[in-house]
Structures are given as structure tokens and as C-alpha cells.
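These notes concern the structure reproduced below.
Labels A, B, C, D, E and F are assigned to the chains in the order they are written; within every chain, residues are numbered from 1.
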Amino acid sequence: MNNFPWEARPEGSKDVMWRYSQNPVIPRNAIANSNSIFNSAVVEFEGAYAGVFRCDDKCRRMNIHAGFSEDGINWKIEELPIEWVTGNTDMIHSDYKYDPRVVWIEDRYWVTWCNGYHGPTIGIGYTFDFKTFHQCENAFLPYNRNGVMFPRKVNDKYIMLSRPSDTGHTPFGDIFISQSPDMKFWGEHRHVMSPSPFEDSAWQCMKIGAGPIPIETKEGWLMIYHGVLRSCNGYVYAMGAAILDIDEPWKVKYRSQPYLLTPETQYECMGDVPNVVFPCAALHDEETGRIAVYYGAADTVTGMAFTERDELLEWIKNNSL
Amino acid sequence: MNNFPWEARPEGSKDVMWRYSQNPVIPRNAIANSNSIFNSAVVEFEGAYAGVFRCDDKCRRMNIHAGFSEDGINWKIEELPIEWVTGNTDMIHSDYKYDPRVVWIEDRYWVTWCNGYHGPTIGIGYTFDFKTFHQCENAFLPYNRNGVMFPRKVNDKYIMLSRPSDTGHTPFGDIFISQSPDMKFWGEHRHVMSPSPFEDSAWQCMKIGAGPIPIETKEGWLMIYHGVLRSCNGYVYAMGAAILDIDEPWKVKYRSQPYLLTPETQYECMGDVPNVVFPCAALHDEETGRIAVYYGAADTVTGMAFTERDELLEWIKNNSL
Amino acid sequence: MNNFPWEARPEGSKDVMWRYSQNPVIPRNAIANSNSIFNSAVVEFEGAYAGVFRCDDKCRRMNIHAGFSEDGINWKIEELPIEWVTGNTDMIHSDYKYDPRVVWIEDRYWVTWCNGYHGPTIGIGYTFDFKTFHQCENAFLPYNRNGVMFPRKVNDKYIMLSRPSDTGHTPFGDIFISQSPDMKFWGEHRHVMSPSPFEDSAWQCMKIGAGPIPIETKEGWLMIYHGVLRSCNGYVYAMGAAILDIDEPWKVKYRSQPYLLTPETQYECMGDVPNVVFPCAALHDEETGRIAVYYGAADTVTGMAFTERDELLEWIKNNSL
Amino acid sequence: MNNFPWEARPEGSKDVMWRYSQNPVIPRNAIANSNSIFNSAVVEFEGAYAGVFRCDDKCRRMNIHAGFSEDGINWKIEELPIEWVTGNTDMIHSDYKYDPRVVWIEDRYWVTWCNGYHGPTIGIGYTFDFKTFHQCENAFLPYNRNGVMFPRKVNDKYIMLSRPSDTGHTPFGDIFISQSPDMKFWGEHRHVMSPSPFEDSAWQCMKIGAGPIPIETKEGWLMIYHGVLRSCNGYVYAMGAAILDIDEPWKVKYRSQPYLLTPETQYECMGDVPNVVFPCAALHDEETGRIAVYYGAADTVTGMAFTERDELLEWIKNNSL
Amino acid sequence: MNNFPWEARPEGSKDVMWRYSQNPVIPRNAIANSNSIFNSAVVEFEGAYAGVFRCDDKCRRMNIHAGFSEDGINWKIEELPIEWVTGNTDMIHSDYKYDPRVVWIEDRYWVTWCNGYHGPTIGIGYTFDFKTFHQCENAFLPYNRNGVMFPRKVNDKYIMLSRPSDTGHTPFGDIFISQSPDMKFWGEHRHVMSPSPFEDSAWQCMKIGAGPIPIETKEGWLMIYHGVLRSCNGYVYAMGAAILDIDEPWKVKYRSQPYLLTPETQYECMGDVPNVVFPCAALHDEETGRIAVYYGAADTVTGMAFTERDELLEWIKNNSL
Amino acid sequence: MNNFPWEARPEGSKDVMWRYSQNPVIPRNAIANSNSIFNSAVVEFEGAYAGVFRCDDKCRRMNIHAGFSEDGINWKIEELPIEWVTGNTDMIHSDYKYDPRVVWIEDRYWVTWCNGYHGPTIGIGYTFDFKTFHQCENAFLPYNRNGVMFPRKVNDKYIMLSRPSDTGHTPFGDIFISQSPDMKFWGEHRHVMSPSPFEDSAWQCMKIGAGPIPIETKEGWLMIYHGVLRSCNGYVYAMGAAILDIDEPWKVKYRSQPYLLTPETQYECMGDVPNVVFPCAALHDEETGRIAVYYGAADTVTGMAFTERDELLEWIKNNSL
């Protein structure tokens, strides 16, 4: 794509992933009533880009808004949250919505998010046009977060990653896969990966959760994810990557021992929740192998970082737990 | 049934539920290697009774055993845990099994239990004869406990109650319903009921969970359940009952404000976990309306209590939250 | 008094306080709907005895009931909780009532209790006849428990002991005194005593709280109180005694280093909250010096214990922290 | 007043409250020995301004100092803490003093603060001249914080807001009102407001506490207050406002669902306690309706923010919970 | 020995260890001022038995007393705690002493215990006659408990097992070995064993600690120890056994997966700390292979249990983790 | 020394310790694979400087690296962690290494650090040349941190300060001294100092730990240390100093009530663990009395601060607790 968002690696840098120099791309007050705009999902849409954005308002209520961009960097976000109509169910109760992901499968854009239904669980919806949005049955019982779809069926089933949680600031968390024939009933749950031992990879030793929609590559599914370490001053969220088996994606082939990105800049270290980088989306240019990652920073603003697919795959394989 | 286990209400008692005078019916050491035998599931089977019993061994590993009885009171429990063969899946990983329930639906006995698969979740299996047992896909992602089936399909779907949990001694817990077309994929999750406010009904103010298989009555589904209060000296588990709508069982019609049974006897107040009565099964004589409840006592032994269906339904309606 | 409740010290015992051999004097089910009857307040009334009793019902809601006895041992407790009419205020909101104390001052019986008003605080009321009860302004802001009046004004002010708390199973607690010209507005708050160091007197090292109405003696005010130790298996409530200065009762003259009574019997060690003895009232026969203490056991039943005033005073002085 | 501190709303801003561009107005080291100067109380005094300032010294002991300013912005703070003489009591024990408020009532300036007397409670004192300060009886038993007087008697009684607490970093907190005939004895305690549900207004969902002296307006008492949210990285303190009934100030007429100000700047997000804005005083120009709020930032420095009374009142009414 | 304390296995029992039918052998009030007498250490002494006993007094202060018995069952315990004179140091500070062990090495009886020196650590002393006791340097820095000596030097060094702890009711705990040339300076610390995984042996999954002095056998050192499980109602202490390598005792050859003894009787399940069996000493008759274990029950009384050495060794080997 | 690192006190400052204006002297990415380089130990070496540096890599594994500098400010740190050969033991297990200190005693440089051996304890090693490093027996059982040697024997024994800990983010901590004849076996443990009461010196009220190697002065041993305060937003680490008796260094002669340095700059307040200054080394120019302190900032970078010995000693004496 001509308008693929990109910035070359900084002179002298050897990092496999690097930040966009104009970060944050979306400030906390990009719309009139927002307190913060951060964990956000972006996809290609009609030759340009669309997305679903977590916007906390000044009551600090969490909700998700649609947004559009020509270049993937400059965003126009809707002032009002998405209004949902019924999808495969009449039950579209929602106390809050946050941390969306978006993926094109077959004929439509599926949206998943953390949905407030007697606690956090995984909400599902779809849209054809980013104007009308249909809400479906929740995928799971509470308590769950970070529900992330695969971009196509595997073994003729829809596949979703998720991270079972508790009712609060969950101090544990593994990634699981669940499968569905119809996007309504879910089963065949499989464990994918656990936090790593502190001695091996401390940045991901307390909990982990899937990030962007996995990217299909020749090595397998490229899954960028977040990991959390608990210091005496709170949780620190960093970003890593793994490669899952293409046909049995609950099998982890490689998993990065070092982080890809950890909070270092002021917009990542200062804000409503200091020391957070939290990836929710990645654009992938099949041809060039360029990848642009969107991530929440300090639960306050949205940043971007770049990497090259083939180099990233090599790096994961060479730095695997 | 002639051999329905029963003992009349004690002289002078006005309690709607009363204990069996010969409790505990199963002592902690009923089999050679058991530390305790408690939360246990019983059904009618070939004119007599069979069941699945939680037996913790002397390593305090939790597992479930089959057992048989002519009269529902004197039990012969298998010395060895059930060995499972594959049911609707090859994935029958299980770190531990506990708190079983058993129900006859259509053509077979379904068993559900708390299954250790990267944390506690709801295991499912079936048997035709209590000799060969087939293990199926887990119903849900972890973390979940107290998965209890309805004894028939409702709206052409299998129905399961459960209590989403965390990884430890969960200090919260609501009852939900989930639905399945095939006992393999689950969805249409609905909230059923929450702990009550402390001021209204303190014995069930911290968490609640389903107990025996619900009994179909003219008033709706009779659901006996447990509720938990946290004192400064730990959790206290008591027993209550509710009536759910017959067609939309996620709707609570009545729910007992007082408990039915609370730990009072030495075998309920002293043991591996003091102050626990935990019902897992109930026999119901359709004709006489007699109900015999099996419950774990102090997480150590198994007790029985009796009640009469129609009187119990009246009591719930007259003492509803 | 001829009908003063009393039983001689057991043969061979050297204990300064001893249990009544027929304990518990009030069982948990003394009234139809009670789960437990324990922390209870007793006074002389019209040549016999009356009292206010904590009765938790089978919803485990906490409330207080009136009761009467000829001999202080055999009690007739009202089936229904006290119904309150307005005293010095129209604001008689009460989510729950528990742990009452009763005292005669000047012209009436004052009742204090732990009153649920947006959390626990000290409720105040009065009665002339144990039939009609008037509820007054709460003494303090939440969160407070164990409000205990002195039996006469000191320095022309009403005096109340209390134990500021938090919203739950408070793991700290000191005894304070507050003063009032009118039983409505309170001030001149003074610290009385703190938990003791673990090394000195472990049974009272986590929190302490006043028990019965203090008894005026030639040595000062005799205050029987409870102290709490936290073991790895929960709180243990024991009983001790102190002597406060007669004119400046916030000054502690002596305070028992050993306990007077600690949970030892089955009815103290087994019940809704194991390992609790909790004194709320004491009858004192001025002439003979006999003292009969009423205490809650295991938060389930009511027990009695006896001591002799002069011997107790000596013991406190000889065993003072 | 000619010297009322003021700065116009920034060009283009639509915020109902805006920060002073020269913040912080008092740096952490404004006096020789200070570690930080933050939660501070300011009033008009002899045509200029005086105040009482929380200055933590380099031992991080908390104490309060007098200070003076011609313009309300440039402050001269006394190097030494206020030395107190006895007011309505001889008992002026104080382990520490912090978070002062100051108000003129009738004939003198009353100061309230969090006073260390066997735990935090509400200290009271008065001064006529900001030179000699008299300490009075503490208003309440421990544990309490954020005691804030009304600027005149209501119903012929002194009125104080406060927030009952525990001994530590209290994770709960409601605002109550207490009343006194004489500033010495307190009673008629009434609940005013609770934290809001997380779903409705998350910034104030864990605890709330009164801020500046309420301002009398035609709509009722304008009460600016703080609310607290707990993230996985600690407490976040933001600022909101409510309108209380003029005659029955325990009745809340309106209460802002959005915050007025939340930590965003570096001096609010970085310091001894990151992510705190904590208002303690507000100047109000009756004639112009201008309001200047003084608030602690990051528990380290003092900032100012401005708003206009009538606009603020409208905003609260239009954005009420 | 003729007077070796012993009772045959009960008819029909298959347990490898069985309780003494006359338990508890030492009641809580065996001396005038005791609240409880439990974790106690016994050795052969001059043809009879002597021991050091943990006696908590009625202030619940912990201390250790000497005691004597002809038959190992009927004990005469000194009314006063041991008074210590200086051993290899002048520093014999001790806030409290508890959980003693006693062992004969070379020329004297060494006593170890949990010693209060700015927190719990391992105290060391010795006696020749159980009349005069010499206190030595603490073995380790705080925080440590369950220091247990080997009955002879190994590799020419004194050997001590211990369990590093924290300042409270430690929720973790591994067994380590430390070595000393002189009983004064300690080093060469080696890890011995950790709690087991919950799935394998839940009774010892939270913490473990050494019990009696290890017994030298042909299979290696027989170490009886305690393991702890945390239920929702507190800690449960059970007893197991392991075999350590004779020359490198930090190497575990076998370790029992099942427990040997778990709280079952009323005196083990009811008391100051319910559900505790805690072994501190074992007599071993070399000739007959009989072993008599002394253990604290419910932190209140002292019980005995019996086993046969060779059978026990076989059992450990056949039931090893 | 000509090349002693130094910068004069800033114009107008009255601080007894002041930061280097070019801080941080070591950035987080000074070597290729580092996430952070902070708690670091520096000594004079062959007319220049050498050191051992805590470098967390991008897996956030903790390890220690050698480094060299001509001027003590510009550092060349080895890309690879130190590889250890055996010292006085073959047991050189180490899960991780962090927070090193280095000291010259007699004939070699001794290194101590927090060593991962079944939990954190104090590792010991030595080098003659900063090329070959020998690892010795751990000094203590776990759990311990901040092991700091004295620069010469005292009373003919090696002396080490340490801070016994628990397995996590220890919320308590006192400084102790231990002694050894041979750097292998340790004993004669003595308590040195505890956290201070909150009311007296809040910055050091939760835990304290030794920092640089103590400096011998005419007043005694100058010990710079860290103290920790817990706010509602986490731990705050500040720096203070004490003077210990020259011959009995467990006796504290003076101890600073104010802190010397507290987190104030952006590099101290923002980073992996905000609000940390943590001193690990100090160079001392005997002749001029100049002292250069190296400290970790925000657990991310390394800073320097300067003070003058005699002035510092005076300040401690004049500001002693």
C-alpha cells in the first residue's frame, strides 16, 4: 500500500522494533470529552484505515469509538461511542466496553472487546462498514480479557485467544485458545502459554495476554503480546512476540525471551497508569513485510512502533525462551 | 421407590430440612487410602443407587470414585479412582478432579466435576453403566467451579449452571447459566444470581454456587445451592434453595433468605475445613415428594438431610429475598 | 440479692474466674427463628433480671431482643426483635444491630449497641420498662464498635468507652473514652489503652474492646474487656480485666497481663466463629462482692462465668502489665 | 477584590476549570527545611491573603505552617510550624498535623486538620491574627480525615464534613456531616455521599473526601471534593464538585459525574505520590463569581486552578450523577 | 530399654503410624500457670527420660521448661521456665522461646529452639544435667524457625536443618541445611527440599519444616517433618517423613507423598490453633526398631504416636514423591 | 587523587549532599543488551576506577558486570556478565545476581551481592584483577539482601551488614551485623538498627538497608544507607547516613533523622521503579574528605552525588534521631 504508515529505523539503532518519532499519534484529548485514548484497534478499510478506539471519558467510563484515517497516523475519531444493534442475539447488555480488537474474516469486520456483563468478559460484534455495528453473544463466561480472533478459520473453526482473569487487577494470567463452529458457541479450549519463570524472563513473569490479531507467516502465526512484571511500585507492561504453529495454534514454536518494547519514554512512563505499553493492533504490508504496531501508552495515549516481519521472525527464533 | 432413603422429621422439629440421625453416612476412611470422602453425587441406577464420590487420598490429592448402594445410605465405594477413556475429544488432561455431580439425560449419565486443566474448570464425562467412563471436552475456560447440568434440555439446548472463580480460595462468586447444542460448544451465557447484601442474608453474602441437579417441579426448577459468609475465622458454607423459571431458568422466581442448613454438628464444624455443609446431590421421589440431600460436611465426611418437596417449595416462596 | 446467679468455684480450682457448669445458659436456638444467641447484656430489673440479647436469625441478620429471667440463668427471650420509637432524634436508621450493652443511669436503662448506619457505629437508646424502647442519635461517626457506658456521670458528664474500627474484620483496635453533657453531642475523646506488645501479653496483642458496664469499686472502675490474638487459623478472643481511675477513667491503674478466660470448652471452640469468649455484661452483688459475667461463646451461644470482686481486684493488681 | 488571584481561561479551552499557567505556585522547597508543600488552605485576611500550609520536612514529618501573600499567588511561608496554645482544652496532644482547612466564622478563623492522636482524627483550632493559634478538642474519635467546616452555622449549629477512615491508606471512604452547638461536642452525624459505582463515574469509585470550605450560592452549598480510583499502579486523586441543600446540607442536590480536574501535568503526575490533585481551599469573589482553587499536586507542590461560579454551578447541574 | 513408651498398633489398623490411645499425654494445664503445653522435645536421660517443653503461660507468652519422666508418658514439668546462663557468648537476649528440640551429641545435650531476637531465629544452648542450661550464639540471622540438629557430626561438621521464615505466619517455607565447625559460626548452607506441588501432595504444598532429631538408619537419615496446606479456613499441619543421604544429608533419597498423620481427633482439631499435628521429638529403640513420636496437637496439648522403624522406612520408599 | 570524581556544591545550595549536574552518569542502555544499569559498586583500582555493575538485560534478568573508568564518571562496562570460577566452594549455584558491593580487604577485592539460591541471599566472591572472579559460599541462609562488608576486620573478624528479608517485595527490614573468622562461616549476629517510627522520620519508617561500604572516620564508621516509606502509590527509597561505633559497630552513635537525598529529579522519579534513590558505593578521598556516592535512580540508571566527609559527620550529629 502506498499509504502504509512507516518510518525507517533510527540511524544507529539496532532495535528490532522502534518507536514512531512523532508519538503519541493520538493524544488523550483527541475528542472533546475524552480523558484518554489508548488501547486501540486499526485495520485497512477501503484503501485507507479504520479502527475501533478505547476512549475513556471524563467520568472515566470506558467505551469504544469508531475512527478513520487516510494514512494510519492522523486519525479522526467519532465523538460518540459506537451504538450497537443486535447481532446473533438480543442480549446485548454491556456495563462498559474496552480494549477492542478488529479483524476481517471472510465477509466482515469482527470486533472483540472486554465487555462488562456481571464482570469483564469477551464481547463480540461485527460491522461491514464501520457505521452500523452488530453486537453478538459474549464468547465466554466472565471473567476474561484480551479476546483476540485469528484472521481466518483454522481447521474449519473460528479461533480466539483470551486471558481468563478475575474481578479486579488480576495478578495471574495465561493465554488460552477457544474454538467455535459459528462464532456463537465455544469449546475445545486449549492452553497456549503461561507467564515465564522470573529467572528466565522477568518482564512476562506475572501475566501475559494476546495483543494484535496474529499475522500469518511462513513460520507460523506471529503473535505480538504483552507481559507484566510486578515491581514494588506496581505493574509494568511490556511487549514481546511468539510464533504459533500454523495448524495447531495452541502449540508455541518460539517465544521471545527479551521484550520488544518496554516503557521508556515520558508518554509511556507518565499518565493514568504509568509504565504501560499495551499493543492492540498491527498493520502488515504483505509485500514489503513492514509491520506497524499500535499500542496504548500509560493507559493514556496511543503510540506506534515499527518492525520488519522477516527480521522480527528471525529475532524471535534467535531469542526464544 | 421402596428403597428411597428416608427418615422422618424429628419429633418437635419445625425445620423444613433435617439431618439424618446416623450421619455421617460415609466416614472419612470408608476406603483404604482416603483422607476424606465428602462432596458426592448420587443418582438412581438400576433400581438401586450409584454415585460418583470425591475421595481425597492421603496425599490429599483430589479424585472421584464410583460407588454403589442398595439403599442410598450404605455405600460401597471403589478403592480406585475412575479411569477415563476419551469421549468427544482426545484431550482429557486432568491435574485433579473434585466436587462431582451426576445426572441422567436422555440416554446416559453425565458427570460434571471441577477439572484441573491449567487451573480449575468444568470437566464433563458420561457413562452408561458406571463402569466405563468417557471424558469429554471441558465446558469452559478456567477458572470455574460447581458446574451443574439440568436433567433435560431446555429450549432444545443442554443447560449448565456454573460459578466462575479465580485460581485460589475465590472470595467472590455468582451463578451463571450456559447453553449448548451438543455438550461440546457452549454459549448464550446468562447471569442467574449474585451473593445477597450482607444486611439481607449474610450467610450467602460472599459467594454462592449451585449444588444438586435442579429438580423439575410445578413451581419451576428447584435449585438447592450453597452460600458462603466470611467471618474473621474463615469461610462458613451453608445451604439454601431457589426456584428458577421453568423455560427461562436464568430467571430467579424465589430465593430463600434464611438458610436451610448451616454447620451445627460436630461433623460439620470439625474436620479438614471446619464449618462447611456443601450439597452436591439430591434424590427426589416424584410420588411422595420426598427429597434426600447428600452433602459434604467439613470437607471431610458425607452427610444426608431430608426435606419434602411441596413443603420446601412453600417455604422458599414464603421466605424469599 | 437472693436470686443472684451464682455457683461456687469448683473444688481444687485456683482460677480467679470459673465457668458455670451448666453452660451454655442460652442455646443457639432458644427462640424459633434464631441461628445463634450470644453477645448479650443483662441487668437487674424489678427484683429480677432483664436483658437485651443479640439474636442472629436464620438469614444471619443481626438484631437485638429483650428478655427476662427470674434467676439470671433461665431466660425467656422475646421472639421478635425490639421495635424502636424515636428518642432524642427522628433519625433512627439501622441496617442491623448487634452486641448490646445495658446500664441504669439516674432514671432509665440506657442501651448501646453496634448500629448499622452506613457502616457500624454506636447506637444509643433507652427504656424505662423493657417494653418501649427509644432510639437516640448515634454517638459517633462510623466506624465504631463496643460502645460501653459508665453507670454514672463522671465530672458531670456521661462517659462512653468505644473501639474505633474499620468497615470489616478490623485487625487493630484501641479503647477510647468520649464524654457528653447530654447523651447527644460527644467530645473530649481520650485514649484509654492499646493492644499490648506480643512479647508481654499475646492474647490481647491485636485488638481490645470494652465488655460489661464498668463496676465501681474502691480501687477504681473495674473494666472487664476482651483481647484478640491472630493465629494462622484466625482470631482468638479472650477475656481480661483492668482498673481505671475513678475520676479520670482514661487513666489505667492496673491491667491484667494474663487472661481471665480463654476459649477451652467445646461450646467456646466450636460454632459459627470458633475460639471466642466475648463478655458483654456482668452482674455485681455489692454486698457479697460476687460477680456473674455473661459472655458470648463461639459467636453462637451464651455462657456465664463467676468471680469475686475483691479477689479479682487483687489479682489484677498482682498480675498487671 | 482588586488583588483576587486570577488568570483567564486559555484561548480555545472549553474546560470549566483550568490550571494556572505558572503552576506550581509553591514549589516543594519554598522554605529551607521542606521536602514538599502541598495540601494548603488559603483565606482572605486583612485585604490580602493568609493561609495554613502543609509542609513536610526533610524527615518527612507532617506539620502545618502559617503563610501570607499580597496577591494569593506569591507566598511567604513561615519557616517554623505553628506553635499552638490551648484553646477550649488542655489536651493538645499531636503526633502530626496535615491537610489543613481554614474558615472565617463569626469572629475568628477556625483551622481544622488531620491530627495525630493515637491515629489520624480531626484537629480543631482558631486564630484571630495568624500569629497566635489556639488548639481545641479534637472533633471526633480516630480514625478520620478531611474535616471541613461550613462558613456559617446552619440551623444554629456548627457543621463539619469529614471522611471516616482507618489507620492506613484507607481503601474506602464516604463523606459525612456532623453538628455541634459549641465546637466542642459533636453529634447528629449524617451520611452525605458515597463513592459512585465504577460503571458510572470511575474517578470517584473508591473513596471521596471534602476539599475546600463549601461556598454558599443561590443553588446551595458548592462543595468541591476529591475522588479516588485505584489502578493497578496505585491511587489516582481527581477533583469534582457537588451542590448540597442549603438548609439540610446532608442532602446532595447535584454531583458531578465527570471530574473537574485530573492529574495530567508533570507536576501532578510526578513527585512523592504521583497522580494526585487534592483541593483544600478556594477563594471566591462574590461579585465577579470568580473562584480560585488551591490544590496539592503529587503530594509535593501547590497548584492553582480557576473557574467561574455560575458556569460551574450550571455544569454540575448538567453533568450530575 | 524396658521403659520405652509403647502401645501396639490397634487391632485391624493398617496405618504405618498410630496414635496413643491415652492421648493427650500432657494436658494444657499440666502446670499451674500454663495455657497450653505442646511442641515438646524428649530424650533419654539417665535411664529414664527428660525433655524441654513449650509451655505458653496465661499471658500467652511462649517459653520452654524442663521436665522429667520415668516412662516417657507421665511427665513432671517444671513450674518455672528454664533460666539460662551464658554459653559461648554473653549475648543471650531472648524475647521469647518456643518449639524446642533436644539432642545428645558427644558430651552434652544440645537444645535448639525458636528464639526471639528482633524476630524469630534459631537459639542454641546446652545442658549436661537438665538443671543448668547454657545459652549460646544464635545460629542464624532472623527470620528462621524449626532449627533441628543432627545427632552426630557429619563430615566433621555439626549439621542443622532449619526453615527460613518471615516475621509473621509465613506462607512459604523450604528446609535447608547449614554446617558449622564449632556450633558458633555457620555456613555451607544447602537447600534440602521444597513444598511439593499441590497436584502431587497437597498436605505439604505451602510450607514444610523439620520435626524430631533425624534418626540414623541403614537407609539414611530418617527425617520426620511437618507439611502445611492452606484451606479457606486456615493452615492445616500434617506429618510426613523422608530419608536423607547419610553422608550428604542435603540429598533427599525418598520422601513420603502421603502424610503419616493428619489432624483427625478432637484434641488435634480443636484448641488454640485448630488442625495442627506438629512433631518435635522421637524416641528410637535401636534394638526393637520402635519409634515413639511426640507432637503438639492444636497448639494446645501434647500427643504421642508410634511407628516401627523398618516398616516406616519401607513405607517411605514405597510411597515416595 | 587527581582523578577523584568531583563537582562543587551548586551556588546557593545549602544541601549537605548534592547531585552531579551531568546525571545520570550511566544511562540505561550503556551496553548493547541492557534494559537498565543502576545499583552499582565502584572502587579505586590501579590508579583509576573499577566496579561491578547491576545490568538487567532485556529479558529483565538481573546480573552483574565488571566495568572500568579513568575518572569515575565515564564508564566502560563489559558487555557480558562476570563469569565466576569456584572460590572457597564448589557450590556456586546462582539463579540471578544483583545489587553488588565491592571492597578491598587486605589482599583482594571482595564482592558481595544478592544471590539467587532458592531465594535471595548474600553471595560472596573475590577478584584480584577484575578479570577473574571467584565465587564463594553464600554468607547466609535465604532470605537476605543488601550484604555490605566492612573495609577491614574488626576485632579480628570479618564484618558484614545485611538486611534479612522475605521472598518478595519485603515490607519490613532491619539492619544486622554478622561476623566471620574466615569469610565462610558466619555467626555472632547482632541487631544494628530498625526502621524509625513514622512520627519521627517517615522516610525510613518501613525498612532500611545498608548502602556503600562504611567509611572509617574519627567519629566512627560512616554508614550511608537507604530507607523506605510506603505511600498509597508504592515504595519511596531515600538516602540517609549513620555513624557506628568503631569497635562495636552494632552500636549506633548517630543516625540522621532527615534524609540526605530523596527522589526529586525526573531520572529518579520516572523509570522502571519510580521514586528510588539507592546508594551502593562511595569513593572517599582521605585527604580532602571528599565523598562521591554512586546510586541507582528509579531502578533504571546510575547517578552520582557528592558530599564532604567532615561536614556530613557534623550534619549527622546535629540531626540525629
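The working rule: contacts are C-beta pairs under 8 Å (C-beta built on N, C-alpha and C of every residue); 3 or more make two chains touch, one makes a residue touch a chain.
Quick caveat: nothing in here was measured; it's all calculated off a predicted structure.
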* **Residue-number overlap at the chain C/chain D interface, same or different (half cut)** => same
* To do: Specify the chain most distant from chain E by Cα centroid.
  => D
* Structure fact -> Greatest Cα-centre separation from chain A belongs to chain C
* Asked: Just curious, how far off is chain F from chain D if you go by their C-alpha centres, in Å?
  -> 41
* **In chain A, residues with contacts to at least two other chains** => 233-234, 270, 274-275
* To do: Sort the chain contact graph into one of these: line, ring, star, complete or other.
  => other
* To do: Spell out all pairs of chains that touch, sorted by label.
  => A-B, A-D, A-F, B-C, B-E, C-D, C-E, D-F, E-F
* To do: Using the touch definition up top, name the residues of chain C that touch chain E in the complex.
  => 14, 199-203, 229-234, 236, 257-259, 262-264, 266, 269-270, 274-275
* Asked: Which of the residues in chain F come into contact with chain A in the complex?
  -> 28, 32-33, 35, 56-62, 95-96, 116, 169, 233-235, 270-275, 299
* Structure fact -> The answer for chain D against chain C in the complex is residues 89, 91, 117-119, 121, 137-144, 162, 164, 166-167, 170, 172, 174, 176, 178-182, 184-191, 194
